[in-house]
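Should a chain be cited, it is by its letter among A, B, C and D, assigned in written order, with residues numbered from 1 in that chain.
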Amino acid sequence: MGSGMARNLLHAGHELAVFNRSREKSQVFEAEGARVARSLADACNGAEAAVTMLSDDRAVEEVAFGEGGLASALESGATHISGSTISTALVRRLASEHAARGQGFLSAPVFGRPDAAAQGKLLVVAAGAPELVERYRPVFDAIGRQTFVAGLEPWQANALKLCGNFMIASMLEAFGEGYATLRKAGVDVQVFLDAMNALFASPVYANYGRLIAEDRFEPAGFALALGQKDMRLLLETAQECVSPMPLASLLRDHMLEGLAQGQAHMDWSSVACVAARGAGL
Amino acid sequence: MGSGMARNLLHAGHELAVFNRSREKSQVFEAEGARVARSLADACNGAEAAVTMLSDDRAVEEVAFGEGGLASALESGATHISGSTISTALVRRLASEHAARGQGFLSAPVFGRPDAAAQGKLLVVAAGAPELVERYRPVFDAIGRQTFVAGLEPWQANALKLCGNFMIASMLEAFGEGYATLRKAGVDVQVFLDAMNALFASPVYANYGRLIAEDRFEPAGFALALGQKDMRLLLETAQECVSPMPLASLLRDHMLEGLAQGQAHMDWSSVACVAARGAGL
Amino acid sequence: MGSGMARNLLHAGHELAVFNRSREKSQVFEAEGARVARSLADACNGAEAAVTMLSDDRAVEEVAFGEGGLASALESGATHISGSTISTALVRRLASEHAARGQGFLSAPVFGRPDAAAQGKLLVVAAGAPELVERYRPVFDAIGRQTFVAGLEPWQANALKLCGNFMIASMLEAFGEGYATLRKAGVDVQVFLDAMNALFASPVYANYGRLIAEDRFEPAGFALALGQKDMRLLLETAQECVSPMPLASLLRDHMLEGLAQGQAHMDWSSVACVAARGAGL
Amino acid sequence: MGSGMARNLLHAGHELAVFNRSREKSQVFEAEGARVARSLADACNGAEAAVTMLSDDRAVEEVAFGEGGLASALESGATHISGSTISTALVRRLASEHAARGQGFLSAPVFGRPDAAAQGKLLVVAAGAPELVERYRPVFDAIGRQTFVAGLEPWQANALKLCGNFMIASMLEAFGEGYATLRKAGVDVQVFLDAMNALFASPVYANYGRLIAEDRFEPAGFALALGQKDMRLLLETAQECVSPMPLASLLRDHMLEGLAQGQAHMDWSSVACVAARGAGL
């Protein structure tokens, strides 16, 4: 994800320093005009904003609060823009810790897979102080095709993002259960998928419906382990909001069953295997 | 539904006799070239095929097996085309009873609301003996924009249709739970809907997402009582196939809760109210 | 079940005619003082009451409404006492059809396995017209250790019975999920069972908890196929009552998954295998 | 809980120092022979073991790791015995932090309400190094009627305890759904409860079944907010063990719905209200 975003920021004319633990990953950007930073602190040196895109709470905590992390390295008045899909609790902590240091903070998770990131076609969900959102809109415009402002509190962007992943996961489960029953009914699931494509006319249904119909779960576009994590994060947010989400619980449990069956590295659409196994397929 | 279908059959040049319990409903078709039948038997007189479109198993049983019903009135060699979304068990009974009388039988339930029927834009899901499906394809072409052949057994069309309604109902539930949590999180659900429209790019999401965001459940396009019935029928089919569908169970239960709260006549998208109430909204 | 009940009726001094499709099964009762009937009609001849104990709706329908069945064979004024755990819908039909013929009808399903039946220790749940319940109380006293009167409508006894089986099934599922997690946590489930026995002090927990801890699902005391049927019947009754039962839905689905995995003939406590498999055990 | 345990430790002849934030609560024990400590540090002074019984993770974290907490105040070689029902993650942290300071650690959560604590009739679930479990067995014997050893790892005691609460909660939900359906069926739930008492013969069923039948949810013996917390903790443990528990998810969600409806302070048996409301009662 980060590569595509970095390239689009460069193409949009932004001055960019890149940092990655494995220096080789950063190196390729040198030729494209980026400065390769030697450390997080070096990357933050003189920066107006630091954009992070990491896989989970632990990684973000380390980058933000670890030794030499953003909280200490970012200059006062500079802003941390967090693109990671992480817990709303951590986002609240990021907001308050950065504020305590005179730093700005925006949360801006995105919808879209690596290929969308490469084409600058991500959907950006931003939240935070309106003046910050406006100031960094050129960043969002560079990496995405549309930006949605979720609210004044950074964590609201993550609540929205997690609910979006929940909408997709609901569709995956529905395909899984529908296909399982139709297979046992002797109906060709391809005919069902054709009908669903005519009905929903959505590329998301077309893509995932095909992956599941063809049992094509590797390589993963988005790993089941990450999808399961997102359903857990959503349920934590729902708990904070005192809002029961029984369908999200079902998805979390089925994805956990997938992990117990060794599917952690497969695409999250492989949650459909759980319904298939349940039906004895 | 029936009116739109009848009109499109007339426009396509088919010779048509119409019958409805309330004679006035039939009368309007006289001016458009249809013959108004005095009874089911009269409607079947000389007919090559009889198309039925009724609301539930009970209505179909009466029309097919009641006194003067299709089973006795249809001529040998003529075909009953059932467009109703009914149980797979009843479809199997219809198939065998008609066969025993030398009559043909096709099941051809449709996706689409009355306005789609009026415009001939239904999606038709047909199943039965291939030669019958081919013989009556002009009928399907007249009423729908696309026809999907689900299998050799008429009940397979109903299995597919019920799974399609299940896909839509899953989306309704997901919107309901997502909106409930986002409302409690202080996020504007319209922003969420905009993001989902950008993500899924599906008119089905756009329409239902808007109805639920605006709490516009009346008049019903498809009543909750009928949606609940379909989830029950699907679970009966899944039982026959020995295929567990926990998400369908959740939908059936939430819709039943809606009925217990007096929402039977509201649109089935009002299943979203159950999640909202659960969150104390 | 029937053998134990028959013997206890004889021991209590009732005059008894027995009928079973396989004559040998009846023969053994001759030595104990029963009359062996040649047919259902013969069994009903001169009888004050006919007690049936059958496995499902289909069997009861045949015995009651089939050729030479109870509806035609029972004398006016005599009573059909149905001990079967069947659908509330069928019980209502039995009540009305017998009433139309001037025959009485009581529903009296029982809790208890064959050994409890042999010892006259069943729990009887009776419902119907109070004067009939009182008239046949000696029958209930002969077969059971306690009689509970569920209401004026015979089907209410079945509603209560199904809810009782639901209470047991809930415990089975809870043991299944608890054991699965504890096994993966490296905790000896026997220690957990000891603690639950100290906590609940219930022989039902002790017995089923041990069966599940030891994976002893054969021979079945009560087959999973029958348990699954009861959860289905309960959900049908709940649907009639417009009362959602999400836990009953979960049980029905898990038991269905057990059937899909070939456990139909195992004890219904083998529903615990579903949770174990889900955890990768 | 703490009062009863303290008194039973005194009666068993143990030397006891008590500490409570509100000094008056401690004072009453002075007359019974306890020393009233001025601080946690003072309570730990010279102590062989420190027993804590607190309501949640936060309280335990503060007492263990806060300024002047057990981790710093306990002497090397002394043991922290944690009786609280807390997360397995926190128990693991307690074990490792105490070990790093040369202190012992045992987890020993208990089953039983305050009246059982007063009578020394708790069920104690202990886990940790066998030599420590044996050394402190007199403590467990003083406060409980039976001790169960869950394993070598302290957190295993909490896993077992959480599963025990899950067994009770499953019963509460089953009563809730059963009563709701039976009420709508016009069946007297007291008759159902009588039958369940005859069937299960368990005081736990008798007590909770009566509370729910009579809608007597205040004062709470164990608050719904705490019950909901335990279901969450259990699901966290199940996640660590990669073991899906759909019934626990259902319980967590229903209890959360109870919280959203303002039942946080009511007894956890009030989860039954959720099923009742769902049925329109």
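Everything below uses one rule, namely that a residue touches a chain if its C-beta (ideal position, glycine included) is under 8 Å from a C-beta of that chain, and two chains touch if they have at least 3 such contacts.
All of these numbers come straight from a predicted model, not from anything done at the bench.
Chain pairs A-D and B-D differ in how many C-beta pairs they share in contact, with the greater number at A-D. When the contact pairs of A-C are matched by residue number across B-C, A-B or B-D, over half of them reappear in B-D. Distance between chain centres (mean CA atoms), chain A to chain D: 38 Å.
One inter-chain figure worth recording: chain B and chain D are separated by 52 Å, centre to centre, where each centre is the mean of the chain's CA atoms. Residue positions of chain C touching 2 or more other chains: 238, 242-246, 250, 257, 260, 278-280.
Considering their complex, residues 232, 238-239, 242-246, 249-250, 252-254, 256-257, 259-260 of chain D touch chain A. Of all residues in chain D, those touching chain B in their complex are 246, 257, 260-262, 278-280.
Every residue of chain A that touches chain B in the complex is listed here, in rising order: 111, 123, 125, 145-146, 148-151, 153, 156, 159-160, 163-164, 166-168, 170-171, 173-175, 177-178, 180-182, 184-188, 191-192, 194-196, 198-205, 234, 237-238, 241-248, 250, 275, 278-280.
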